[in-house]
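You will see chain A twice below: alongside chain B first, and alongside chain C after that.
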Partner chain A sequence: MTQTLIRPEVALDPPPPPPKRKKHRDPSRYFRLHLPLVLYLLFTLIPFYWMLVFAFRPAGETALVPWPITLEHFDTVWNGIGFGLFFQNSLIIALGTLVVVTVFALMGGYALARFKFRGQKVFLLALLCTQFIPGAMLLIPLFVIFKGAGLLNSLTGLIIADTAFQLPLALILMSGFVRNVPVELEEAAMVDGCSRLRAFFAVTLPQLRPALVAVGSFAFIGAWNNFLFALMFASKQDKFTLPVGLSYALGEFNTDFGALAAGGVVAAVPVVLVFAVVQRFLVQGLSAGAVKG
Partner chain B sequence: MRTRAWAPYALIAPTLVLMLVFLVYPIASVGWFSLRQHTVTQPWKNGFIGLENFRRMLFEDPLFWQSLVFSAKWVFVEVGLQLVLGLVLALIVNETFVGRAMARSLVFSPWAVSGVLTTGIWILLYNPSTGIFQQLAQWGIGDPGTSVLGNPDTVFPATVVTELWRGVPFFAILLLADLQTIPNDLYEAASVDGAGRWRRFISVTLPHLRDAIVLSTLLRAVWEFNNVDLIYTLTGGGPANQTTTLPLYVARKAVDSHDFGYGSALTMAGFVILLFFSILYLRLSKFGSRA
Partner chain C sequence: MRALLVVLALLLSACAGAQDGKTTITFWDNNGGPGRTPIYEELIKRFEAANPDVKVDYVGIPSSSVQQKYDTAIAGGSTPDVGGVTTSYLAHLAGQDALEPVDERLEGSSLKGKLIPGLVETVRQTSADGKLYAVPASGNMDVVWYRSDRFEENGIKEPVTWDELVAAATKLTNPAANQYGFTIRGGAGSVFQLLTEAYSYSGVEKFYDGGKSTVADPRNAELVRKVAGLYKKATPEADVNNNYTQMVAQFTGGSVAMMHHNLGSTADVMKTLGPERVSAMPLPKGPSGKRTVVPNPTDGFAVFKGSKNADAAWRFVEFLVSPESNGYWNEKVGQIPANTDVRNAEWIQKNPAVKMALGVLEDPATVLVPAPVHLPEYSSITKTDTEPLYQKVLLGQMQAQEFLDQLAAKLTTAQQDWEKRK
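Let's turn to the complex of A and B:
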């Protein structure tokens, strides 16, 4: 296969400069680069580590390296407090939001990038302005709307709310990605007799795979973590999400730190995994034009 | 390219509908609620009262002013520190070194963690009986920890550090994205001209990053102003309302006391402040000049 088949996102980072001046261990590099990095890594990782220690350490122990590890705290939160159900609720909401946001963002992003239409500028302005609207400040009217629509205590309702708040940014990101796919590819396909729709699915969509990953994971992480809406709109325990369950654990299980930490691990693992996989797409997505409007 | 005139509208329709129902209409109804007495628990008293909520807010509610002052302090300190640390972090992980991809994933990872989860982690870390200060004291470093979150002197720095943990990575990601668009030739040219590392930073990197810095700072200021979940769960606004921000005050009026009318008036005050930031952002980003 030839060079051209290499997927474009590989070229995200500028290629490492040729080792033209391979100095024999520039000592200032350690103070400039490695030392601050290590310090920052400590700041980042110690809190995570602290949580892991408490989650896996038998109650009453104080060792900083938990051994032997125990799963009793996970049993407590998963089966006893009901984190298994909260996990399932969070997963349904996050996956649902992921699908809806990605599809709608793809449609709208394509429209913004490929068409010129009346009202486009106003629409884009409106999208940008949504970045300034705090969900917390709309809680009151949203509660009234949700109550009227019978969407309180329903997972569907939370998917709709999360979608509404995440879609604008997702759409802006997606239009940046679409703009980066040369329109000529599509045009060539259409000259060859494809319909526009067919050209999109056959030519443009495969190029947008990294965009789908980035936008989808944004949506997943955002919905997985959303707290206020879930707190406000899902008051019945069987509809709790992980953040809501965790917030109750903060208040009510004040003495059982092992359970609190285990609940934290349950809530953290999916998002941190997703994030570790997609963070390079994330950087790419932001360069594609989110910050610059 | 042949296009049907209705096609773009059909494509943006779902987004438009959701925005109208869940963003535009709620804002309008906040305006309407703010002119009413509207308490869920006392429906018999509800009705139109004009500007009474605003009078009460401006002249009779010290907590409104206190939350406003704390919001300003919070945004200023938090965004300032995030900018500086985020820039340094972005510069570091933009360098080439062994294990860079791993380092990036690790130092950025707190960004993925929600406010509530961040709270859970840091409560363990700050707690006087389980926390890091207790551990350090056992090793003979510092005093045995008191509750940093319950102490009025330490609650603010403790809250700031917690949000930094989560916020610096995001700033760094934004700035890293922009750092990667700087052509390498510029640095080479500067080196040829004899510019040292610091000089290259001042003359090449900073000017290139200027727009990204200004815009992300503004955006971040708005987000930090709106931040509720972390403070809500970490301190609940306490001790003695010392860490209550304006949106947190609104949320508590709505969630705890169901006072929708007065909460809406507070919301309107928040909107006025955000409007200022939005206009500034749109002007500085030169919105529309490229379209």
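Let's turn to the complex of A and C:
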């Protein structure tokens, strides 16, 4: 009988596929795992969808799908309210903060990871503690200092303030990353004749690329979204940033929802872009920094 | 070397300010935004043309953060010369000794006797020493905006009493068609609005009686029960978290037929619905038949003590409240001009909402019941402490009377503390 003929062949077959694949075909698993995720995704995306609808829909319309699409709200915020300038200011501040934070975090993080010095633990603890202080508490002292130094109403001042606020976390992250790069690599390079600096640039720095991306993008987004410092330290309209501009579009009595939504889109796009480009590095970088090497 | 550079830089910046012989004053608009900034820009242009020796730096501050911004500026010694202020935080600013009293300047000014006494009184009542710390420029009043077209379709007359309003709201509700008769402000700012409703219904004429808050008056509780009774029956369910933006959005979006807000939403309401579809009425009366009004925060201008150019700053304030500027500004935003010379202006005759509000404010039969905005705790009591309680009332988890009792007890304590400190 054919059955008896086939049986030994079955026994010779490779072991059955791992249970993972089998589970994949199980529809109940699909519903248990994916359906909630899809629902959750919809739940988080709806506000964004709503924002897009308001931004592209002509004022006074109630359609759920904006058609025909209008760009009048973007014209209002970009040219009318001055988001063009706010965007530029935000970009300067965010990029400035990114550069300064990344450079300082790289130097400080390397020192924290590679050298032993007195008070190192206390310093790390202090860095950690700064994370517990809300920005609002720093406001008045910073304001007084900035006023004395003539840094109010300047983008430089805002870059300094944002850097001061972002740097502690960046240092903690970066020192974790540096610790993950085996010190033996550097030592080997130094045995081969490199100076410490050269060894750092030639061997360690390339390994830290994900770290730079992670720290840099956090600094960028932190500065991009910072509302409080920009509102308090800039008392000239031409130094406003996007978050301040958005709250400026939200009047006490009158709110142009179309303009507000268009402003929201303008403010959100760079953040989305940054995440889209760097999310690969970000996940990689974060998990690398999370575990002590 | 570095110190030298800093000194040099400071010297340079100091010289730059006085280069062209003009005095520069800074003006902070306490409710900056695309709606109002252009109006001020125009007024500043006119002022600078009339006063070539003064230059005005305009800064629009988002209204939601203006108090914090003032506080930081005061603490840091970096206040503007002139600031827009409202009575809701005027006491707080004056209490920090940041403002110049304006009584004397007003005495010798062309504005003397030209400001609506009710508004001046509202501003004066915020200060502990009885001095005037801001010149009122614009009054606001609570009104009920309603869809006149829907009222007509359903054969409903403009409600005069609260019971008529409740009946109209019920009649105009059809949840299946996403149509509701009324909208309740249950979220941020709810209690302030509820109190104006309660007093308009109860006819209680004083906020404090012998140092004791009258908020818990049983007639006030009756109104709270009436409003809470509307919740979910004649209002959208989401109302429990409504702040004013959501309320206005619902109303202008067409799903709600009546909305209690104030003249501040005139521009929004008129822009989307137009005068042919929407009208305003004063808050309805209660069984007492009396018209009691809890005045809204009054907007005005203050000169800051730290100003180095107080005279120029005052000139600017005087200009802003002059009949032409005051009329121009209030016409654009649809509020009540403080300058009485504006009363007969043509635009007021054409703006039924403002005309109606001005009529109510100037009617001798109207009783003003000012809320105690002079209490530093007023805002935290009405917002942080009691807004969640009102939400409980709406959700049927708390009795109206119990809620008002708690609110009244806090207001009484705060007032007594204030009397002691005075």
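Assume the second predicted complex is superposed on the first by the 250 of 293 C-alpha atoms of A that agree within 3 Å, B and C clash if a C-alpha of one lies under 4 Å from a C-alpha of the other, contacts with A are read in each partner's own complex, and residues count from 1 in each chain.
Simple rule for what comes next: a residue touches a chain if its C-beta (ideal position, glycine included) is under 8 Å from a C-beta of that chain, and two chains touch if they have at least 3 such contacts.
Predicted model, so just to flag it, every value in this text is computed and none were measured.
Should chain B and chain C be called a clash or a fit once both complexes are overlaid on chain A?
clash
With both complexes overlaid on chain A, does A:L250 touch chain B (first), chain C (second), both or neither?
both
State whether A:G80 touches chain B only (first), chain C only (second), both chains, or neither.
So A:G80 only meets chain C here.
In the overlay, answer first, second, both or neither for which of chain B and chain C A:Q237 touches.
second
Once the shared chain is lined up, is A:W50 touching chain B (first), chain C (second), both, or neither of them?
In the superposed model, A:W50 contacts chain B only, not chain C.
Is A:L71 touching anything from chain B or chain C once the two structures are fitted on A? First, second, both or neither.
A:L71 sits against neither chain B nor chain C.
Give one of first, second, both or neither to describe whether A:L39 is in contact with chain B, with chain C, with both, or with none.
neither
Now for A:L139: first (chain B), second (chain C), both, or neither, which partner does it touch?
The answer is both, since A:L139 touches chain B and chain C.
Name the contact category of A:A59: first (chain B only), second (chain C only), both, or neither.
After superposition on chain A, A:A59 lies in contact with chain C alone.
Looking at chain A, which partner touches more of its residues: chain C or chain B?
Looking at chain B versus chain C, the one contacting more residues of chain A is B.
Output check: A:R280 vs chain B and chain C. Expected answer is one of first, second, both, neither. What do you get?
Touch status of A:R280: first partner only.
Of the listed segments of chain C (128-136, 182-190, 218-226 or 272-280), which one clashes with chain B in the superposed model?
For chain C, the clashing option is 182-190.
Once the complexes are superposed, what residues of chain A are shared between the chain B interface and the chain C interface?
On chain A, the residues that contact chain B in one structure and chain C in the other are 139-140, 143-144, 231-232, 244, 247, 249-250, 257.
Residues of chain B touching chain A in their complex?
Residues of chain B touching chain A: 1-3, 5, 7-9, 11-12, 14-16, 18-19, 21-23, 25-27, 29-30, 33, 88-89, 92-93, 95-97, 101, 103-117, 119-125, 127, 130, 132, 135, 165, 169, 173-174, 176-178, 180-181, 184, 211-212, 215-216, 219, 222, 225-226, 228-229, 232-233, 247-248, 250-251, 254-255, 260, 263-264, 267, 270-271, 274-275, 277-278, 281-282, 285, 287-288, 291.
In the complex of these two chains, what residues of chain A are touching chain C?
59-60, 62, 76, 80-81, 139-140, 143-144, 147, 150, 152, 231-232, 235-237, 244, 247-257, 259
For the complex, give me every residue of chain A touching chain B.
For chain A paired with chain B, touching residues are 12-14, 16-17, 33-34, 36-37, 40-41, 43-48, 50-51, 54, 64, 104-105, 107-108, 110-112, 115, 117, 120-121, 123-126, 128-145, 160-161, 163-165, 167-168, 171, 183, 187, 190, 196, 221, 224-228, 231-232, 243-244, 246-247, 249-250, 257, 260-261, 263-264, 267-268, 271-272, 274-276, 279-280, 282-284, 286-287, 291-293.
Taking the complex as given, what residues does chain C use to touch chain A?
Interface residues on chain C, with respect to chain A: 9-10, 13, 26, 28, 31-36, 57-60, 62-65, 68-69, 72-73, 75-78, 80, 244-245, 248-249, 253-254, 262, 264-265, 267-268, 271-272, 333.
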